[in-house]
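Shared chain: chain A. Partners: chain B in the first complex, chain C in the second.
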Partner chain A sequence: MNRTLKILSVAILLVPGVLFGISWAQYRVGGWLAESCPVFHTQLQLCDTGGTSLAWVSALLFHMLLFVMVLATLLTVAERKWSAFTQDRIGPERARIGPAWMRKHSFGGLPHVAADALKMIFKENTRPKAADRDRILFWLGPVLAFAPVFALAAVIPFGPTVPVNGYAISAQVANPNFGLLYVLAIASLAVYGTSLAGWASNSKFALLGGVRAASQMISYEVALGLSLVGMMVAFSTVQLPVLIGSAAAGTGQAQYLWQGSVLGLDFGVPAWGIFLQPLGFLLFFTAAFAETKRAPFDVPEGESEIIGYFLEYSGMKFGTFMISEFIEVVVLSALITAIFLGGWHLGFAGDVALAQGLGKSHPVLYGAFCGAVFAMKVVFLCWFQLIVRWTFPRFRYDQIMTLGWKVLLPLGLFNLFASAALVLLDPSLHWLAVAGLLEIAVLAGLTLTRKAPKSGSGHEAAGHGTPDVHALPAAAASAHH
Partner chain B sequence: MAYYQATKDPTTDIRERTYVPELLHGLAVTIRHFMRNLFFPRDTNTDVLNRTGTSQITTVSYPEEQVTYPPGYRGLHRLVPREDGKPRCVACYLCATICPAQCIHIEAGEYETTDASADSRVIEKYPTSFVIDELRCIVCGLCVEACPKDAIRMDTGRHTPSEYTRSGFVWDIPRLLEGPPVNHPSDPWLKRPGSERPAHAHLEKHARIGEGLVPLKLPRPAHPVRTEVTSGPVPVTKFLRD
Partner chain C sequence: MADAKDTVPQQAEEGELEAHLHTKRMLINMGPSHPAMHGTVRTRVELEGETIVRAIPEIGFLHRGFQKSCENVTWNQCLPYTDRLNYVSALMNNFGFLKAVEMLCGITIPERAQYIRVIASELHRIHDHLTCVGSIGLELGGFAPFLYAIEGRELIMDRVTELTGARLTTSFGRVGGLNRDVPEGWAERVLKTLDKCHELIGEMDTLLTANRIFVDRMQGVGVITTEDALDFGFTGPCLRACGVPYDVRKARPYWVYERMAFDVPVGKNGDNFDRYLMRMEELKQSEAIVRQGLKDIPPGPVIVDDWRIALPPKSEVYGTIEGVIAHFKLVMEGVPVPAGEVYDSSEAANGELGWYLVSDGSGRPYKVHVRAPGFALLSGLPRMVEGRMLADLIPTFDTINMIGGEVEQ
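Moving on to the complex of A and B:
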């Protein structure tokens, strides 16, 4: 029970508390920056921010450098720890630091972060002789792999725009009016890093990894983009904050499609992307996995056969590749949160009341609360991505291509046309939601109606009353009758 | 535990064809394991198969938790001492000869007649150096079988401890010689003048190796005497004691 309580308190109190603190500090520092550098400030604009003040620096510091980077760093250990738990192991716990009383505890393996970082930084940075010819490209590889993924986080709104000291402070580094297009454009740049690394290493395995990464990117980038078009159509915007909407105004994903109220708290079906576009969500999630180059789509790395495009890299250069992979996990989780999971909205239980009450009286607290909700969704999705990575078997290379071109792409096109037609028929999105909920119901029905055979009780339980002789070896089947 | 068996024909079942429902079932399995192992304390019973509890972790966290060895486990070599603390070994080279890994190196010497222990000259030969490279040893036990003097045994119940250097695994007499002294009724050692055992005792039945064995539970000496070479390759012969 002790352990249960500890874990629960970390999950329910500590993590949300820290996330709340980060978000709160960002708004406060943003407000202070906007106030102290009035040159950059134009006027209080609640919808359009970004260029109005220096507040974006605070978003850069607190959300990109602190939240995204630290979460990605923690994920390196979390991956090992969580994979251990799914596989009934303990996972890393031997790195101990600090005074004697601290050394008695493993802190969930967290000191391994420090150990890994130190190891990466102080390891010898080797370059194979064969890579001498392309030493600039060799050096550019990790940079080009890291920079685009990190830059992706710039357009992600980690919280609502709230007034602080009379200035509109957003939790977003930049809010260009081409928001999602920026994401798609920059995300595909990351493949240059991996391809260059593969090419410049002048090693056949690394080259194979780079080529695999490039071809995988080509086949999944299309599905990645197409799966989002449905959402763009539904809300007629490509700006992420507009997609998320505002609970007070009832726009974007914060609006309720069908609304009810229990005990003064609002409940209902929110217009979240996952309800409007479950198919789009599934496609995007799948393509996102291919984008992060993680299992089940980890052929560019292919540890078991070619090691991957970073084969020749050592030290922090390899560390850069690794961390950019985890940053991509975080950023894609944040994107999915913003596009499909209602961003910083709870979606129920007094969302509107909170926005109209706390949002008016204590906007910073409300903003920080929303920031914590957003970040918690991101953390959850990171966890989910890692669990998926440790559940699914990896695809063969031709299966990946088949999935990309023959399944995801047609499905994406179908989803786009169907959604567009439904939005055209009913701009209030209700028909789209009905179609989406139907899709979810079909999937849930298929999942829940599977009859798993009871172990040891024979095979009749599996089929429809007829023994499934195909599944049995001949001897066992004859003994069965 | 009911593990799912793929009995359905994957070419016709819609759940298999659409792939996603089956993936969700797989996810359910891993998430169930994850939650059980995350939220519940680990059972530390070293008998892994008999672990109970909600957590399903099967790890034995080694130095803190140790699986008890099976009764037949023998363990690391030791050189058996006589009652006067000298090795029973008579440097006959039988063990070194039979050793398939060729990891025993012996140098023979003779007890001096002027030695204080001159009365031990009922046996003239003794090893001035007896070295086993525990890294090379394949723990076959042939040396124990070959020894005519019951002078080398594998009954410590310990396995080779870890070391930081290769030379640390080269064990010499000070490290090997340990444990309770052993006497056999037929030992020439017992025929020396002043022996408490009657000289005719050698007519008695010969004790078998391992008979009346007390399992050794001696802690290792705090600072085992060892010779180390820290530079260059380390052939066994470099570890001869001077």
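Moving on to the complex of A and C:
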């Protein structure tokens, strides 16, 4: 227990610091890039990158390659470590590297990242003979599973746009004016990877997995898109930075619905998506979970039934499937943060004060602070997904379809019409928020009032001391010697 | 294209010209190497989409010639073979076999031995049910309950090791009683183990029994009617889940089961969920039996005092000629079981474990046949899963808890 506390306290100090550093470095490098390569100043017309030039490269480097990739890699260990906690085990700790003094410590299982990567890379890359016919598709499977998921991170703003060296530097690779539509479009491409893998493997189990994956992902695509429309309606935008808004200007999710002020600090209920659209949030979270194909939606994998669509893959090809699953977890957490959890804003207190104080005097520090807040929310959501994944058993294929089409879709439609009507009635979003808070109260009430435990679907116990021979099966009775 | 069109008869309906997709059923092999087909059994499954049209369980991958092997050794030497029938609850196989042999001999074992047999049997019933329930959780995607079950199972294995000297293949007991008494302090450790198991079972209960996803996947799945279950020869928890309160411990009480206060849970739906609930309830009942047994166990000998059946004490073997001769004859020739035949059964973890023994009066069995509960259960599997989805095969296969070792003799 003591050791756990020690590790936790170190993590609580270290993690925000590292996240702050990443964000700070990104703004600095972005500023330097914008200054040193002004030739590209007007090159990117399609995407409004905040008026800067090559600064998007810094976002690509620091947020997509560093933050998303490294977090996804660390999640492979975090998942094992956290599942070990829930299951009363120690978890991975056997991989030891370095000089003797380092070998004495397990470092929370972190060296397993290296061990796993080495194992994946150096394992024999086999291809079943039956897959020779479709060797290009076989090769394309993992690529198509990985690429769209990773590309999703391009439109996610990992921090506010702040002025550095006279240039507006955003923490986003691209800010196209079709923001969320890009997310929906690219997310649906990921289904090709899994279904191609299932098809090209030319194995019955893999094919079943591929078919399951395709139908599941296509079904939940609908709910995924529908759950976001409410937020688009509320803020009349599909661009993520606009959706998150700015605390200084009081726009987007940064605005307060009900505001007070104590000692110069601002307090209030922010217009976060989770308050305006709790139903939309739940739907999106469920659908996003189904998109990641993790338990309880791991039907395409179903390792105890059909092993999964990647059955025939080995080495780094399998590793690509695995890592793309974790990247999807990170990216969807980031999306939920941006759309429903107020992005990089603290939320309940001090946002406006911070934006007007630190934001004016030290914009880069303010940006880095916001970046760290955003990243912490992402880490929290990733952890939350781990908990869910290790708590629930798996659905059955038809139950997943029923949930997707008969529950999520009608709920999504209802949510859309109801919120659209409420926004139409009251554009200041207060009615929508009241409805949302009511929804939260009802959901909390339903969750907390636990139904009386079922008395075992009517099983009664035969009283003790009464040998029940009257119901003895005839065969068994006569067999008695 | 135009030419092709001309050759078509004028009256052709549109539907006739459509090239229908050629569909065929998919035949897949679940096992013998499959994560869910534990016990090395193969199920050939014919699928239409994801619906099972036909399921044919195939056994034979674990065949070791149990019955024939027994004919070549003395009665006591059969014990290691019986371990390997249901290797999850080996003690119940040991004792079941010994009980049948003792019936053939017409002897009653000392009371203390009876108590120890009951206690050890119920410990292994907990062991077996924990394994079953845990693996149901595991194969439905819930890894945590499985590990809770394994933790409890491991503790019981430790206690069994202290008692018998082996974790899995116990070979405990001899004709006429037991080969050794319980070690010192064992009872206290068993009680502590039961406390821990109780806690773990409670955790599993909250994780599974009230879990909507779990209930949805278990309820109404793998249903078998009472008539079918009786026709297939179901016994044990699977039969009781169909509403038949048949338990050998109550129907024909043996050893000291009559003195124990315990209930036999009975279900009514005959589905996976009821079979699961039966096991959860039996875990509690078995715990109660072990506690009572440990409380009431009398002192005394653990094996009959008859040198033709039990080994003489070592001092006699080394000190007297009678002892040496008795020891020699017992080891070389075996227990002189009188000629005759017997059917005897006991309630094993998965149902009625029956033994049909024939003796020709020599020290070795003339014939040993075992009525393994798992065999009947496995033969009923197709009836339970046909027409259901492929994913339903897994929990159904788990809840019947077929053990490869006893099915194949």
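The rule we apply is simple: the second predicted complex is superposed on the first by the 434 of 481 C-alpha atoms of A that agree within 3 Å, B and C clash if a C-alpha of one lies under 4 Å from a C-alpha of the other, contacts with A are read in each partner's own complex, and residues count from 1 in each chain.
The rule we apply is simple: a contact is a pair of C-beta atoms (placed from the backbone, for glycine too) under 8 Å apart; a residue touches a chain by one contact, two chains touch by 3 or more.
Note that the structure is predicted; figures quoted are calculated from it, not measured.
Looking at the shared chain after the overlay, A:A100 reaches neither chain B nor chain C.
In the superposed model, A:N2 lies in contact with chain B only, and not with chain C. Once chain A of one complex is fitted onto chain A of the other, the partner contacts of A:L263 are absent, as it touches neither chain B nor chain C. In the superposed pair of complexes, A:W82 makes contact with chain B only, with no contact to chain C. In the superposition on chain A, A:W390 makes contact with both chain B and chain C. Of the two partner chains placed by superposition, only chain C is touched by A:I306; chain B is not. More chain A residues lie in contact with C than with the other chain of the pair chain B and chain C.
When the two structures are aligned on the shared chain, A:D398 is found in touch with chain C, with no touch to chain B. Look at A:T447: by the touch rule set out above, it reaches chain B but stays clear of chain C. Looking at chain A, you'll find residues 86-89, 390-392, 453-454, 459, 462-463, 468, 471 touch chain B in one structure and chain C in the other. The touching residues of chain A, counted against chain C in their complex, run 83, 86-89, 204-205, 208, 212, 295-296, 298-299, 302-307, 390-399, 453-454, 456-469, 471-476, 479-481. Chain B meets chain A in the complex at residues 1-9, 14-15, 18, 20-27, 29-31, 33-34, 37-42, 56-59, 61. Contact residues on chain C toward chain A in their complex (touch as defined above): 26, 28, 35-36, 50, 103, 137-144, 147-148, 151, 207-211, 213-214, 216-217, 219, 230, 233, 235, 239, 244-247, 250-253, 260-269, 273-274, 277-278, 281, 342-345, 352, 354, 389-394. Across the complex, chain B is touched by residues 2-4, 7-8, 82, 84-90, 282, 387-388, 390-392, 443, 446-447, 449-450, 452-455, 459, 462-463, 468, 470-471 of chain A.
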